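To keep things simple, chains are lettered A, B, C, D, E and F as they appear, and every chain counts its residues starting from 1.
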Amino acid sequence: MISSGIFGLDEMVGGGFPENRIILVRGGPGAGKTVFSFQFLVEGAKKREQGLYVTLEEPMNLIKSNLKAFGWDLEGFEKRGLLKLIDESGQVYKPFTPNRYDRGNAKLLITYILGKIKQEVENLGAKRLVIDPITSLVIHQRFPTDKRLEIIELIKALRNLRCTVIITSEATSYIPGKDFFVEEYLADGAVILSKRLRDFNVIKTVLVEKMRGLKHDDQPHRYEISDKGIVIYHTEPVIT
Amino acid sequence: MISSGIFGLDEMVGGGFPENRIILVRGGPGAGKTVFSFQFLVEGAKKREQGLYVTLEEPMNLIKSNLKAFGWDLEGFEKRGLLKLIDESGQVYKPFTPNRYDRGNAKLLITYILGKIKQEVENLGAKRLVIDPITSLVIHQRFPTDKRLEIIELIKALRNLRCTVIITSEATSYIPGKDFFVEEYLADGAVILSKRLRDFNVIKTVLVEKMRGLKHDDQPHRYEISDKGIVIYHTEPVIT
Amino acid sequence: MISSGIFGLDEMVGGGFPENRIILVRGGPGAGKTVFSFQFLVEGAKKREQGLYVTLEEPMNLIKSNLKAFGWDLEGFEKRGLLKLIDESGQVYKPFTPNRYDRGNAKLLITYILGKIKQEVENLGAKRLVIDPITSLVIHQRFPTDKRLEIIELIKALRNLRCTVIITSEATSYIPGKDFFVEEYLADGAVILSKRLRDFNVIKTVLVEKMRGLKHDDQPHRYEISDKGIVIYHTEPVIT
Amino acid sequence: MISSGIFGLDEMVGGGFPENRIILVRGGPGAGKTVFSFQFLVEGAKKREQGLYVTLEEPMNLIKSNLKAFGWDLEGFEKRGLLKLIDESGQVYKPFTPNRYDRGNAKLLITYILGKIKQEVENLGAKRLVIDPITSLVIHQRFPTDKRLEIIELIKALRNLRCTVIITSEATSYIPGKDFFVEEYLADGAVILSKRLRDFNVIKTVLVEKMRGLKHDDQPHRYEISDKGIVIYHTEPVIT
Amino acid sequence: MISSGIFGLDEMVGGGFPENRIILVRGGPGAGKTVFSFQFLVEGAKKREQGLYVTLEEPMNLIKSNLKAFGWDLEGFEKRGLLKLIDESGQVYKPFTPNRYDRGNAKLLITYILGKIKQEVENLGAKRLVIDPITSLVIHQRFPTDKRLEIIELIKALRNLRCTVIITSEATSYIPGKDFFVEEYLADGAVILSKRLRDFNVIKTVLVEKMRGLKHDDQPHRYEISDKGIVIYHTEPVIT
Amino acid sequence: MISSGIFGLDEMVGGGFPENRIILVRGGPGAGKTVFSFQFLVEGAKKREQGLYVTLEEPMNLIKSNLKAFGWDLEGFEKRGLLKLIDESGQVYKPFTPNRYDRGNAKLLITYILGKIKQEVENLGAKRLVIDPITSLVIHQRFPTDKRLEIIELIKALRNLRCTVIITSEATSYIPGKDFFVEEYLADGAVILSKRLRDFNVIKTVLVEKMRGLKHDDQPHRYEISDKGIVIYHTEPVIT
């Protein structure tokens, strides 16, 4: 079992994430997907489990700056070889073929990124891996069926890495359960960070939608992003 | 009549599933479709009815690992020839034709998988068959009308196998009855596993949407995934 | 006037269906469209009115098996020439042209089926005809406008048969009146079998949406599928 | 001012329809669009105003048969030259060009029908004209923008006929005001016949959405189809 | 500041419309867009401000006839050179190119209409201009992005005319704020005339959605179309 | 930290905007996006921080005129080199290639605008930059995936400017959280200005959806557009 590092989450999933599995973290803008990801990696680093973080959208220097408030010694972990941060935010949108809008381009991009990740995981001996966000890898595909096929192959490839992997994914609306995506079916676990407007109040909840092989709490709980990271509250009901 | 193995379900369908029929099990991520499928096969194995399980999406080793918590002696059943587990998760996304996006590819895939299943059913003398999920077989088809035609032919072929067949299918949203799919019309029975948010509570229910030739309970009931598998509650109303 | 055979329905339509007209029966999976159809035919057979049933989706042997519970002497009626059951479930999806996805194929299919039906109606001297479901005949057409044109021609052809015809049609969602289809405008009568979720209860109602030339009850009533067929309740309101 | 013939409607529109204008009657299946149309024509015939009815969808013999219950002496009016009924239900779906799916076909159809109507209106000296339903004339057009252009030209042509014209149009759903169509903008008046489900009751209302140049009642009222035709109730609120 | 002529509207926008600006008036069928437009022009004529009205959809003779009930002396104003009414309802749908469905046609139409308007505004010395409805000018464009581009250029051209301009636009549904259109962003002011069904009552409200450079009442108010034109009520809340 | 200039907003984001970051301001028509933008620039000018404003939709002379009511000395700031206003509303819709509907055109437009902005930011030594609205730059792209790719590249380029940047974006409906757009994910902060109809009242709220690296108030608050600009109210709940 792999401790998640998120305060209050391990209790929800019976002690931690299953080892060598792929966990999806889905949420809207500002939900805290990147904070979640780093809590997971810092938790590992503290336990001397190497972690690799790959950003596919936001530049790494901005991410580092954004995370300063949490007081994590990311550079210290990096120096000690416990954490490696790779910035592929530029590669993702680079045209690999003359016509960047065609499928060949999408294919080459995925091949390139997977190759890079595989190599880094091996060099580092990574036990924890985060890809943030996974949806950037299929941005070139216009048809949902094609996106689906690519995500399937991608996840199959990630399974061979022998890491516990977090992939993040962007919600398309405030309405939970409006649409399911293939990531939610293919990942071994799915954690949903929701914001919902109830009248004119925003209510933030975390829901463990699934967690293969583990009995888990299947009810949503409130959470906040404190200066120590995401904290989940169990002592009170979501609404009273 | 074929006992389903799901605690509380046989009472809902008048004693069990109709023999040699095709039962659809539909549900969202984490609803328990695979657990349902194995409860059905294990129940058979205990009664010395051979069962065949075909995975089209999740790798078999992960499924086995996920099911450990339930304490089923799958390997024992396999050794005694009462259970066979086939992993076609790789085949499904393999391109059979140079352009894997065209219809010919979809056609060859279905022909291949059906041939394989037919052979295995015969070799094993299987009485119970699970295909998990059926939707993977039509993933290459972009148009709903084409998906529909393929599913129709598929189900026609499965009818010739002389097994009781469970096919699983993925829900597209939390909203029950938002859209019906051809599987729900073509299968002989349909069991719907739903998760719904009522305010900020998740409520899980099982509904027998249809069961040809059998009078059945047509109301939803709550269920849980316990460490013995899916358990349906009859003693209390869904909401109070 | 033609008695429908459905318990409680004749009262709703002023005594029975209008003669030589086309009645649409629409419903979701498990709503009872096929049971409705056979109640209509059995009622006729009892009155020595010949009936023809054409299945376009479910194989006939399964239908017969499903209907056993109702105790109707279908074989007896068949022997006495009062009932004929035709299985065209295989023809419907057969490619008539090299490219089964084109319009020519759809056209040939409809021509073939209509020719077959016409001949059988004449041979049998049928007074009652059921086509179950009508939507299978336009499954090859991708565009709604084309589906519409075909259904229009189909219904025009059925008008020449001098039978009272039931055509069944599949609902696309639990939400009644979400979309109207051309069948509802073109048929002379329309009976809607609905399932709706009210909180976590399924409520089944029958609504006579229209019945040309007859004053009819325009309110929904609850119904059940008993071991004698569909029974409509008039003595109580739908919800209390 | 032209009296509508619908019981209770003239009071809603300040005495009757404006002369030589185009009135849209929209409604779902079974709403009573054809009954409305004939009440309008019979009212005229009684006042010695010639009326022309053109059916584009339902065969005339069926319409006549359906209207028998209302006891109108349609044949008497026809004999006295006060009413003419034209059946173009066959023409509408006839291919005018080799490929009936193209725009040329739609164009030729409209030209043909308009020519026919113009000639009949002149021969009869018609003061009242009904086209039922107008939407059949644009059934061949796949794109909404093209449908719109055709309807615009059609209505422009009808304006030259110096008749009071009723055009009927099919609602696409039970939800009133979900979508507006060009007919509602282009017609001089619009009368909406709605069926709505309120819990499990069907409530039928008539709403005068607009009536150019006339002050009109802008609230919905309940109506029924009695054996004298459509009757609108003013004495009670829609819901209590 | 330009007085609007609508009873109760100037109070909502701090005294009147801003000079030489473009005001959008959006509403459904029967909402009173044309009445609004003429109140605006008549108000100007009374103050000796020349006004130009361009109809792009409804023929001018019908509009004049429809407005008779309001008792405005349109002909008197016309004779005195204070009002000019141009009927371009025929031009709009005329094919300018052999294939009227292509973009070139749309382009030529806009060029023609703008040229005409510019010339008439100059000849008349118009201070007030109404184009009713603006959406007719982009009817030939099938893609929303193209419609948007044309509307942008159109509004840019109108800005050079040194008039206060009202453009009308058709709502697509009863649901306010369901979709915003480019006109609402590009116009300097936007007045929304809404009809909404609340249970079975129609409630008509006017909302000033924006009015550049002016503080304005941002709440909806009820209105009626009286025999003097549109009257807005301020003394009571919309619902009680 | 950069003070926003909006009354009551700095308290919501822990003191001000993060430096050198990109903040999205989204809102419907009349929500106050441009007022927000100028409050931000005027605040800067007062503190001797140079600001650059680029309009891509509304002509600059109209904007200036609209802002007069707020009494800001824009010209004074311009003369002192503290503010520069660039009007690119004409360039945006200019065809750069013969066929302005193709991708090449969109590409050239973005390259041109970015080049212009970069140069002006450098010449002015701008610390604050506003692009109003960002969506105009991708108006030529028809497919959402292409829009997304362009926005990603655009934001990447803006990151190199070493300014605090506000980009504005148009809401597509009154329903908050109905759809998320790529801008909301890519920007470092997102401020949402909403109008919502609650029964028949318009309620305007501001919500800080995200603000990278800063703890922020995550609840909506009411705001008004006063004669000093946007004012946010903290002392009362949104609804009582």
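One rule holds in what follows: a contact is a pair of C-beta atoms (placed from the backbone, for glycine too) under 8 Å apart; a residue touches a chain by one contact, two chains touch by 3 or more.
The model shown is predicted, which means the values in this text are computed figures rather than measured ones.
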| item | value |
| --- | --- |
| Joint neighbours of chain F and chain C, given as chain labels | none |
| Graph separation of chain A and chain E (steps between touching chains) | 2 |
| Same or different contact residues where chain B meets its copy chain A, judged by the half mark | different |
| Relative orientation of copies chain C and chain D, as a Cα rotation angle in degrees, nearest 5 | 60 |
| For chain D paired with chain E, centre-to-centre distance based on mean C-alpha positions, whole Å | 29 |
| Centre-to-centre distance between chain F and chain D (centres being mean Cα positions), rounded to whole Å | 51 |
| Mean-CA-position distance for chain E and chain B (Å) | 58 |
| Overlap residues in chain E, where contacts from two or more other chains coincide | none |
| Chain contact graph, described as a line, ring, star, complete graph or other shape | ring |
| Chains listed in ring sequence, where chain C comes first and chain D follows it | C, D, E, F, A, B |
| Residue ranges of chain B touching chain C (in the complex, touch as defined) | 18, 21, 103, 143, 145-146, 148-149, 152-153, 156, 159, 176-180, 184-186, 188, 190, 203, 205, 207, 209-215, 218-220, 237-239 |
| Partner chain D, residues of chain E touching it in the complex | 28-30, 57-59, 62, 65-69, 89-90, 93, 100-101, 139-142, 170-175, 195-197, 199-202, 204, 225, 227 |
